[in-house]
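These notes are about the structure you will find just below.
Chain IDs A, B, C and D follow the sequence of writing; residue 1 opens each chain.
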Amino acid sequence: MNVRVYVTPKKGILDPQGAAVERSLPNLGFSGVSGVQIGKIIDLTITADDLTAEAAHAQVDEMCRRLLANPIIEDYTFTISEG
Amino acid sequence: MNVRVYVTPKKGILDPQGAAVERSLPNLGFSGVSGVQIGKIIDLTITADDLTAEAAHAQVDEMCRRLLANPIIEDYTFTISEG
Amino acid sequence: MSGEQYVNRRADVEAAVKLGLTADEYAHICKIQGGEPTYVELAIYSLMWSEHCSYKHSRPILGRFPTSGPRILQGPGENAGIIDVGDGWAVAMKVESHNHPSAVEPFQGAATGVGGIVRDIFTMGARPCVSMDSLRFGELTEPRQRFLLDGVVGGIAHYGNCLGIPTIGGEIYFEPSYEGNCLVNAMSAGMIRTDGIVRAIASGVGNHVVLIGSKTGRDGIGGASVLASQEFDETLEEKRPSVQVGDPFTEKKLIEACLELIHRKLVVSMQDLGAAGLTSSSSEMSSKGFVGLDIHADRVPLREADMEPWEIMISESQERMLAIVTEQQIADVREVCERWDLDCTVIGAVTDSKMLRIWWHGERVADIPARRLADESPVIRTPSVKPDYIVDEPVAVDDAGYPPPNDLGAALTQLLAAPNIASKRWAFEQYDYIVQANTVQIPGGDAAVLRIKDSLRGIAFSNDCNGRHCYLDPYRGAKAAVAEAARNLACAGALPVAVTDCLNFGNPEKGEIYWQFEQAVEGIAEACEALDTPVVSGNVSFYNESFGQAIYPTPMIGMLGIYEDVSVHIDDAFKDEGDVIVLLGAEAAWVDGSEYQKIAYGKVEGRVPDVDLQLEVELQSKIRAAIEARLLRSAHDCAEGGLAVALAECCIASGSNGGAQFADPEAPRGGRSGRWLGADVALGSAAAVAGAAQRPDLALFGEAPSRVIVTVAAELLGPLDEVLGGLPHRVLGRVTGTDLRCTMGGKELFTVPVGELHSAYESLPERL
Amino acid sequence: MGHAPVRFGVVVFPGSNCDADAYHAVSTFPGAGAQYLWHKDTDLKDVQAVILPGGFSYGDYLRCGAIARFSPIMQSVIDFAHEGGLVMGICNGFQTLVEAGLLPGALIRNTGLKFVCRYVNLRVETTRTPFTSACETGEVLRIVVKHNEGNYTVDPETLARLQAADQIVLRYVDAAGERAEGANPNGALDDVAGVCNETRNVFGMMPHPENSVEAGLAGGADGRPLFQSIIDTVLRTAEVTS
């Protein structure tokens, strides 16, 4: 199974990286850009013969909560596809 | 227009962070996980009245090539949606 | 949105209680306000009168500290204390706790802790030149504690490294009592010309109030009152949304811009926004200046559009500064901020009303007498109660309770590997300790030493507190912390001149905690008087309790030392084969509260020895005299782990160069000596020693204050004897070989290769 | 000396924090002086060598050096480099040079995933550069590294080209001067600590020679030969052309 996890800054939490990039874009000649937010994407493959869809979902969710995202300041979503 | 850019490590380029996550997963009780790769998501909004779809595409592509990704070590893709 | 709803909505006592105020405090507020306060007013009072901002439990006790002296240019009461260090230079310094935020989110909590304390330094016009971090966690065997340690160290590194401020020292201890409440005390110091000091005092009716730096979001709303002033319990999770994220990049720009504004005298005064944000900075500035301030909350640049005026007033968004600027200079101020890509917004004006007035789209939503808000907060003294666990006598060591070990060498390596003693290289190698090109001694030794550019002078810093000792006897423990901090500076050759302190305690509403607090303050005060090191600044952190369990009382002492000629400095590394090892101070040691007691016997009990301050002063001045006369080749304080661990540390350090270990720790080549140096030492006979030290293991590992190991070239032993005079001292042995060998009364106690000592000492990373 | 002091320019980006150290390091050489070059300017003020200093330009956000590379001053630095001017990038400056395409490769996250501040031993692999001409081949310099992203990487073909053309200037080694496990602090490919471009006038290195120019400080003085090389080169060139 191929998993893609999206981790983004929580709403209301400062995203200094996004803010700095946004601020510098006009100097680089890109105008009219706003709302820049920078997050992470994590791709991984799970190989387990008899993992049900729900079990896989639960496992990835736990992985996100415990390791891949920092739930205090980040939100996450993920997709799972057969591969 | 809402743009989401995905930047991922190029195949064959070492991804120390992905490798570290992969190593630590078994300790947390997650087995059978491989191919962990960590990349970036960049969300942004472009406000320009009369930007055609192609022009927007070209502009984002240029932004990616020049700034958001480093083609020596990273690949990128992006999606554009009206918002 | 109109301000009307905020003016008309009056807050009752219930609302006050919800915000953490008592009914009495609410009544007092009504009296000051001449009626029920508005919501905005109440929110402001609740924060300003929180423990964190008002020091209501500690203020009367802190008055005990000595705070002045010929070198002290600024004592407590400003953002940082300032000490004259000579040649027209002064040092601004302060320490601050960020314990609760770090327990919630260790990386960001620690990072913003560094950010906050650094702002306190450059607010005064000083260029930050040093960071130190004093940390406490639960035992490393707990995964959660390793997570906290990793995050906290990472956060300090992230923020300090980005700012380009060297983090050159600190301490890390692990004790079960910190399991629910880690301690993160960040200390910062900066250099300033003695004639360039600015104070946070608003003045000049009509002058602009200018907000500089980041936009305001909902960061840390309720942080000061909710996070710092209440115990942790099950509701911890709910308090999370207020987490602050640090942006060191913006802070770096702020440092440069603000220092330029101050040096060019473009601002009347300046104040950082810390706990309680705009509320505390504006009320303190107006109160100190006997003026009023009008603040238009609707002019504050926001990160989130829909914020309410009270949220704006109490937001703790980081990387913001408040400045008072004249009309003539506002254009220049804007130019500087623009050059550094920083927001710069006029949000109000200085008035002659002596009132702090908050406006919201033209309506007045708060109107508070500034001085009464800032300075009339309630004072609370809890009747103190001596806790039951305190004993008056040291432990009677018998073979039943303390069976002697059969392998003293193994006991030594076990102690060296103990997390409280083992090398903290893992942590300090994450810190840039060399940026700014002033670092003379890097982390890992007794003190951090810096030179002052274009001067022969130098400065040194140390950080000390043994919480276990303070638990067993807060008075003696706190006194010992001051003595040790000064001793560490003396061992590097510096003259201790001033203290900043961070007093970390449990819930002050409890009599036992209040007793610990009073005792510790008394101990600090006496030691500071004896050592002539006034307290110039500090911080109090109460409510470090979880589920009713308080931390060890931890009065962390940060100390500044000075050199007239920094080139005399020495470190703790043995330098040459044949050098003579001399123990200064008494050959006495106790098991009470020692690391050995904890590691070998799993006990924390007894009564720690008292520091003899007269002896301590003599010891330190003689070490310094010997170093200034360039008689000593190394000096090292005997602290945790006693004499044996101190000797081992000197051996291990010999494999380094300039205090820095080799890139490959297994292969020390080059450097001063080309290899590790060992030592051959003979302890005094059992009859010669005091305390519990009649037993060889206790002579080796027992602890006592006022003991230092120095080395001297054999031919200089005579002159050294002369300098030391009547100070108790005894030749222990020589630097020789590549083993550490110890005997007592002619009998060998152990022989261990330094390589083995080193492996044990550097073993922390394997356990993280 | 008889010479006008050699003029160094030290670029200042927002977030640079070793700019003052580089400036100070240059000023410890009697034959040299430095001035700052502001990132929003385009004027190189007639300097003879440019230093891109260490630090966290633009907070290291996005990628280290990625935003700095677009500063107005960088266009001038790029032109200067193309005309043969001497450009030295230290740490963040090195990262900026690779982002700008003036040097090959990229600098990614340390394999240890942590910021590392540590003394390393650097072997001078070639003295055939304006930055190492005052060194001896095989000489070992003990200098501090301090970075999060110093892990040099490059594709195999380019690496082979760099090796063949003697463009690898400094490598991490142990104290005896041998390449060894544990000597490389960040996982850099081929133990690369510093490289130069094909025309040898642009040089990037991760360690911080500017913190190693005074024997009385913890950093020692092993960084001096690198600055001395630049000064010698500028003076030689001036002699030839005058």
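Annotations
Just so it is clear, a contact is a pair of C-beta atoms (placed from the backbone, for glycine too) under 8 Å apart; a residue touches a chain by one contact, two chains touch by 3 or more.
Keep in mind that this is a model prediction, so the values were computed, not measured.
Shared contacts of subunit A and subunit D, meaning chains that touch the two of them, come down to B, C. Inter-chain spacing, taken between the CA centroids of subunit C and subunit D, is 36 Å. Chain centres here are Cα averages; for subunit B and subunit D they lie 30 Å apart.
Subunit B and subunit C, compared by their mean Cα positions, are separated by 41 Å.
Looking at subunit C, one finds that residues 247, 249-250, 341 touch two or more other chains. Touching of two or more other chains is recorded for residues 67 of subunit B.
Counting partners per residue, subunit D has 58-59, 61-62, 67, 70 as the residues that reach two or more other chains.
Contacts between chains, counted with the stated touch criterion, involve the pairs A-B, A-C, A-D, B-D, C-D. Contact residues on subunit B toward subunit D in their complex (touch as defined above): 13-14, 16-17, 19-20, 67-68, 70, 72-73.
Of all residues in subunit C, those touching subunit D in their complex are 154, 157-158, 161-164, 247-250, 252-253, 339-341, 428-442, 451, 453, 567, 657-664, 666-670.
Within the complex formed with subunit A, the subunit C residues making contact are 104-105, 107-108, 214, 217-219, 240-241, 243-247, 249-250, 303-304, 317-318, 341. Across the complex, subunit D meets subunit B through its residues 62-63, 66-67, 70, 98-99, 105-106, 108-111, 113, 151, 153-155, 187. Here subunit A touches subunit B in the complex through residues 6-8, 18, 21-22, 25, 28, 30, 32-48, 59, 62-63, 66-68, going by the rule given at the top.
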